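As written, the chains take the letters A, B, C, D, E and F, and residue 1 is the first residue of each chain.
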Amino acid sequence: MFYHSGKLQYQVRVDRPDPQFAKYLQQAIGGVEGEIRVAMQYFFQAMGARGDSKYRDMLMMTATEELSHIEFLGHAVALNLEGAPLTVQEDAARDPIVHAIMGGADPRHILSSGLSAMPVDSNGIPFDMSHVYASGNLAADMMANAMAEGSGRVLASRLYNMTDDAGMKDMLSFLIARDTMHQQQWLAVIEELGGMQAVLPIPNSTPTEHEATEHSYYFLNTSLDEPTPEGRWTSGPSLDGRAEFTVR
Amino acid sequence: MFYHSGKLQYQVRVDRPDPQFAKYLQQAIGGVEGEIRVAMQYFFQAMGARGDSKYRDMLMMTATEELSHIEFLGHAVALNLEGAPLTVQEDAARDPIVHAIMGGADPRHILSSGLSAMPVDSNGIPFDMSHVYASGNLAADMMANAMAEGSGRVLASRLYNMTDDAGMKDMLSFLIARDTMHQQQWLAVIEELGGMQAVLPIPNSTPTEHEATEHSYYFLNTSLDEPTPEGRWTSGPSLDGRAEFTVR
Amino acid sequence: MFYHSGKLQYQVRVDRPDPQFAKYLQQAIGGVEGEIRVAMQYFFQAMGARGDSKYRDMLMMTATEELSHIEFLGHAVALNLEGAPLTVQEDAARDPIVHAIMGGADPRHILSSGLSAMPVDSNGIPFDMSHVYASGNLAADMMANAMAEGSGRVLASRLYNMTDDAGMKDMLSFLIARDTMHQQQWLAVIEELGGMQAVLPIPNSTPTEHEATEHSYYFLNTSLDEPTPEGRWTSGPSLDGRAEFTVR
Amino acid sequence: MFYHSGKLQYQVRVDRPDPQFAKYLQQAIGGVEGEIRVAMQYFFQAMGARGDSKYRDMLMMTATEELSHIEFLGHAVALNLEGAPLTVQEDAARDPIVHAIMGGADPRHILSSGLSAMPVDSNGIPFDMSHVYASGNLAADMMANAMAEGSGRVLASRLYNMTDDAGMKDMLSFLIARDTMHQQQWLAVIEELGGMQAVLPIPNSTPTEHEATEHSYYFLNTSLDEPTPEGRWTSGPSLDGRAEFTVR
Amino acid sequence: MFYHSGKLQYQVRVDRPDPQFAKYLQQAIGGVEGEIRVAMQYFFQAMGARGDSKYRDMLMMTATEELSHIEFLGHAVALNLEGAPLTVQEDAARDPIVHAIMGGADPRHILSSGLSAMPVDSNGIPFDMSHVYASGNLAADMMANAMAEGSGRVLASRLYNMTDDAGMKDMLSFLIARDTMHQQQWLAVIEELGGMQAVLPIPNSTPTEHEATEHSYYFLNTSLDEPTPEGRWTSGPSLDGRAEFTVR
Amino acid sequence: MFYHSGKLQYQVRVDRPDPQFAKYLQQAIGGVEGEIRVAMQYFFQAMGARGDSKYRDMLMMTATEELSHIEFLGHAVALNLEGAPLTVQEDAARDPIVHAIMGGADPRHILSSGLSAMPVDSNGIPFDMSHVYASGNLAADMMANAMAEGSGRVLASRLYNMTDDAGMKDMLSFLIARDTMHQQQWLAVIEELGGMQAVLPIPNSTPTEHEATEHSYYFLNTSLDEPTPEGRWTSGPSLDGRAEFTVR
């Protein structure tokens, strides 16, 4: 069961409201790299977790934290929308700055939400829950989580560069930090399962006789005119330690 | 900020697992009448709430409760999927009962989720956040919330009839009860705002000079051959108390 | 069966075309607050209406009117797109006004529709029919309709403020007026059903023994540190007249 | 402006209700081959039609007819759902026939719509308006319309085969007939524009100097090992009469 | 099986990068008129093609070509994004040109893709595969393909006008040319099947006794006040040669 | 540029057609775990790849292979649909086996596709391209790819168990094998970049001063009553080697 505290996990401030940055921030709320995604992904994984309860607990605890990230980002969007123009006057309509502000803003922040955050991305596209990846396989799900946090930290780092508002930079530096931790905690589960080599190939419970293993360890060059790109994947022991990589 | 307790708000039990009912229950999780919708709707309304903080608090408290509804429904789905067939044998494939069970189940419960709940409806369609209605107008949002709870209680009542599992019936009777309360609490806000007559027409802040009031109080019969359906809406004082209803 | 007249329900004029306002108007056509939604919602409710035929007729008549709203809004969008630039010259590309106009316009109005309305919202997102709420329960559906008209009138009022074109303001004042009526006519059905108290809780046909009524009348404070927001929902008789509100 | 008559365009009857066929019929309402699509496509094309008003009128008249097709199909769905089981008893749950009926039905017909049609396809997926094709180019739009009616008639013909209900077969034979006409009327517009050769390539207003015509008339064989499939497209005059087809 | 060559089908160049035009070009990649659509449509039609293998081969060959169109358009988007601003300085934020550029760009090109193409349209909406039309009926599918190429050439022609970059105009003239061919090759299949008259009505395999032919050849005037728009569709032999057109 | 060979990468055979398994297989084509997703993901990553060209080549080569996986899976679906009933007779309609087969099949395989594969998942939901993850950050994208292949192999392994058709088992064992390789090749790129420790946190180019590093290395226990789940993530050196894990 969930509970709520009136205190935000991170206290947001915005020095100079910017409706266009409000739109950008929406990507961190309702984008595929955003907080709704991870909150719901960890929540559904937790509900489906069978086996050792510590993974279920860990998932639920971080799901809960991500809900708090949605919350303070919602405040950040609302603060950036303070002072956005809600009426239009004739001369303003000819002012390129006003036109540009409105052109760069999400029209639904003005028309639909009353200057508040929405569960949408930076193009106004609502988040859809097909992006909640929860397979019931622990290793597969940990990879999905590490991936989600990687994309989240890429996004937060880019948002950091797209604002010169000190308050926003502070908030984003907090999100960047938490993404650092979250990436590692999911990969740490894989370490506990024996490390990447031990869990590969995911799922490692598939019986060998269900696999045409003669096709399991070659890189396939499907190019007509490019040489095989040589690398760790073309020779040497496979990462799962079961064979040697080759090329076809 | 959010917190979590290991205790479910409602302790679920399933007497006889039923994969088809697991699929039906998905409507209460990821359908438009479901718990993700209300949890997120109240959450985003709370984040956007300006003015008297008691409405914001009320919204956030109930958003938090709805998250707990998702949680125990997720358990209910998983319990109903216990024992679903994960392998197929030749003779089973010719057994109409097995065929029927599988035909009536959501294939992704077996293929994608590892016998766990997903954020989808009873046809497997992922919830999309466009259904989170939050306009920033308090009366409009309270109507949206009462509507959501009405549709939720209709759904829970129908699900109650579609199972003969005592555990499931108990759980649904709890959900039905909470929907009873939630419907009323949002309508109670409208009472506090002066009652339905006072808030109509929503939004009641629109200046009269922005409205072509000569078109505001007639029912328009667009039928070529049906008489006007007479009722409270065709004569007598308008519900907002500003005029008389007429017909065109 | 439907018929059409060549006369618009409202004769639109635009004094100064504005591609950006054309984009804004799309919200009133293909947004969740828009006319496609209500037209289709009332249409499907009408088709599903069993019982007293007057409600079916009323639904179909207003569905038909809403189709006419789509129609004149479509004209309004096309008129606002008159004169939008369809070719780009080098110097224009460096003109901030031109850049701003194009930045604020929906690119698909130029690329995809030939300067005409599309069934999309102000972010270009196509309307999807999951927003057609039609449960078969009359009271639930009337709430859904009143809600839709509330959000529609909020939108029209905001659009009114976002233009200084007299023609557009006139048209919006007509839409605001019809939304006033439509809100009330659906709520008037609830009055005919005995008033809000009589229809609560929706659906009022659920047998009491299907409800864990000990959970039906308390507001749940899920906050760890906020006091219960006191109001009409925390004490006094419940709105359905069956119990007293309490708090947990 | 639209009007409605209480008389259906086609009077539906169902001899033996079948919830599974109700689900199949949904494809003809809310599928991409269905009636909502053509109704909305012709409607939006009509609103965008500039030039000779007869095409606009023709589009609007047929849009209006398609709305009537939605209407009687909606009745057909409701009639097929008469008698669908709304409660489950223990022994029934073990009856393969009951299981099969429920497995083959759309659960939302029972849970969400109150045994009525929904604007969804036969998998319960809501229609989305991105399928409304309206480019503003008359020839392109006529092709889109002929295509839509072709797919619609394919669907109606398949539905005809999937039922043995005489009432349903009658209704489908009516839809098949109207699709016959509609296909031809859009292609007849192309004849009026000078015939297929004259309108090709669509749009025929593109200046020749905007086209790298040396790439306009060869079929490109991108296969490594298959011979070029010889046909009308590999040699002889091009359909637009401007060049000879070749192969590369 | 597919293979790839390192050589682009068309060698793209961009003389002056333009992030706003990058956004416009997305329509040609991930819009309903774009290359992903035709690539996947021909691919799935090819996989479903039964009967004469030459149509299957033709479909697969052109599907393969369309994949190459996606590829060079992807390069075009990336080249147009070269030099887009990835950081914001305070003074820049007040420069209307910078504001306009950013307002007119797709924010996800900066935030999500690292200045690369995405499988989305010009409003950032991801392509969804419901637009892959493949019915298994050859004539219906050829019409769908001709339609898709018609809308594609309309789009490419409009994009041509919306840029003054010589490199982009060259690339678009190539796409316009290939659309010219592709339109005709699908219509040429219909010629091989006996011509349009022979394939009508699609599907021409529907037995006559499945059709209420008394409804197959009249144009229905559903207008209350407009005269029937006279044309090729109101009198004279039907296009399928089976009857005379009339009007009701 | 792409090319095609008439030879399938894997020669499919089906011993006993099964329309229900055809529906299950759709998950491997158009599901989020399926082949369209990886084909398009690697394709778009390749187009966006800057820097060392070997990664671009590798991505494009495997994208091309995945297209071939779509192709033979498409054949597998079509073969499983051979013999599906396309007409209904009265007595059959009462046969539970027939009912079950139809209940368990995708109705659109019969109504829409002509017994062919569609770009949809096992619930008939069209694939949408928002699942193409391509951030432009190499490490983030490699994680996304390893994740996709992990979920793909989980799916293929489950499908293997859900059929007793020897042909299908053979085909799935091939897919399982290729997923084994693909997982490892993307992780091998990370090894080349210095190993997981070196690339963490993703993106490792974010300047330290953009990160509130005091929040980067603690696991946050948000539970009110559960002890912190102890593990590799609660103490010891962080996986990126920069700090020690702690708990709050």
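The rule we apply is simple: contacts are C-beta pairs under 8 Å (C-beta built on N, C-alpha and C of every residue); 3 or more make two chains touch, one makes a residue touch a chain.
All figures in this text were calculated on a predicted structure; none of them were measured in a lab.
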Between chain A and chain F, the fewest steps along chains that touch one another: 1
B-D or A-B - the one linked by more C-beta pairs in contact: A-B
Copy pair chain D, chain E: interface residue numbering same or different (half cut): same
Cα-centroid distance, chain D relative to chain F, in whole angstrom: 32
Separation of mean Cα positions, chain F and chain C [Å, integer]: 38
Intercentroid distance (Cα basis), chain D paired with chain C, Å: 27
Touching two or more other chains - residues of chain C: 2-7, 32-33, 57, 60-61, 64-65, 68, 96, 99-100, 103-104, 112, 123, 125-126, 128, 130, 135, 137, 222-224, 226
Each pair of chains that touches, named by its two labels: A-B, A-C, A-E, A-F, B-C, B-D, B-F, C-D, C-E, D-E, D-F, E-F
Contact set on chain E toward chain F in their complex: 1-9, 30, 36, 40, 43-44, 47-48, 57, 60-61, 63-65, 67-68, 70-71, 74-75, 78, 112-120, 126-130, 132, 134-137
Chain F - residues contacting chain A, complex: 3, 32-33, 53-55, 57-58, 60-62, 64-65, 68, 125, 128, 130-131, 133, 135, 137, 139-140, 143-144, 146-147, 149-151, 153-154, 157, 160, 169-170, 172-174, 176-181, 183-185, 187-189, 191-192, 196, 200-203, 205-206, 210-224, 226, 229-233, 238-240, 245
Contact footprint of chain E on chain C as seen in their complex: 2-7, 86-90, 93-94, 96, 99-100, 102-104, 106-108, 110-112, 123-126
Interfacial residue positions of chain D with respect to chain F in the complex: 18, 20, 23-24, 27, 31-33, 96-97, 99-101, 103-104, 121-123, 125, 155, 158-159, 161-164, 222-226
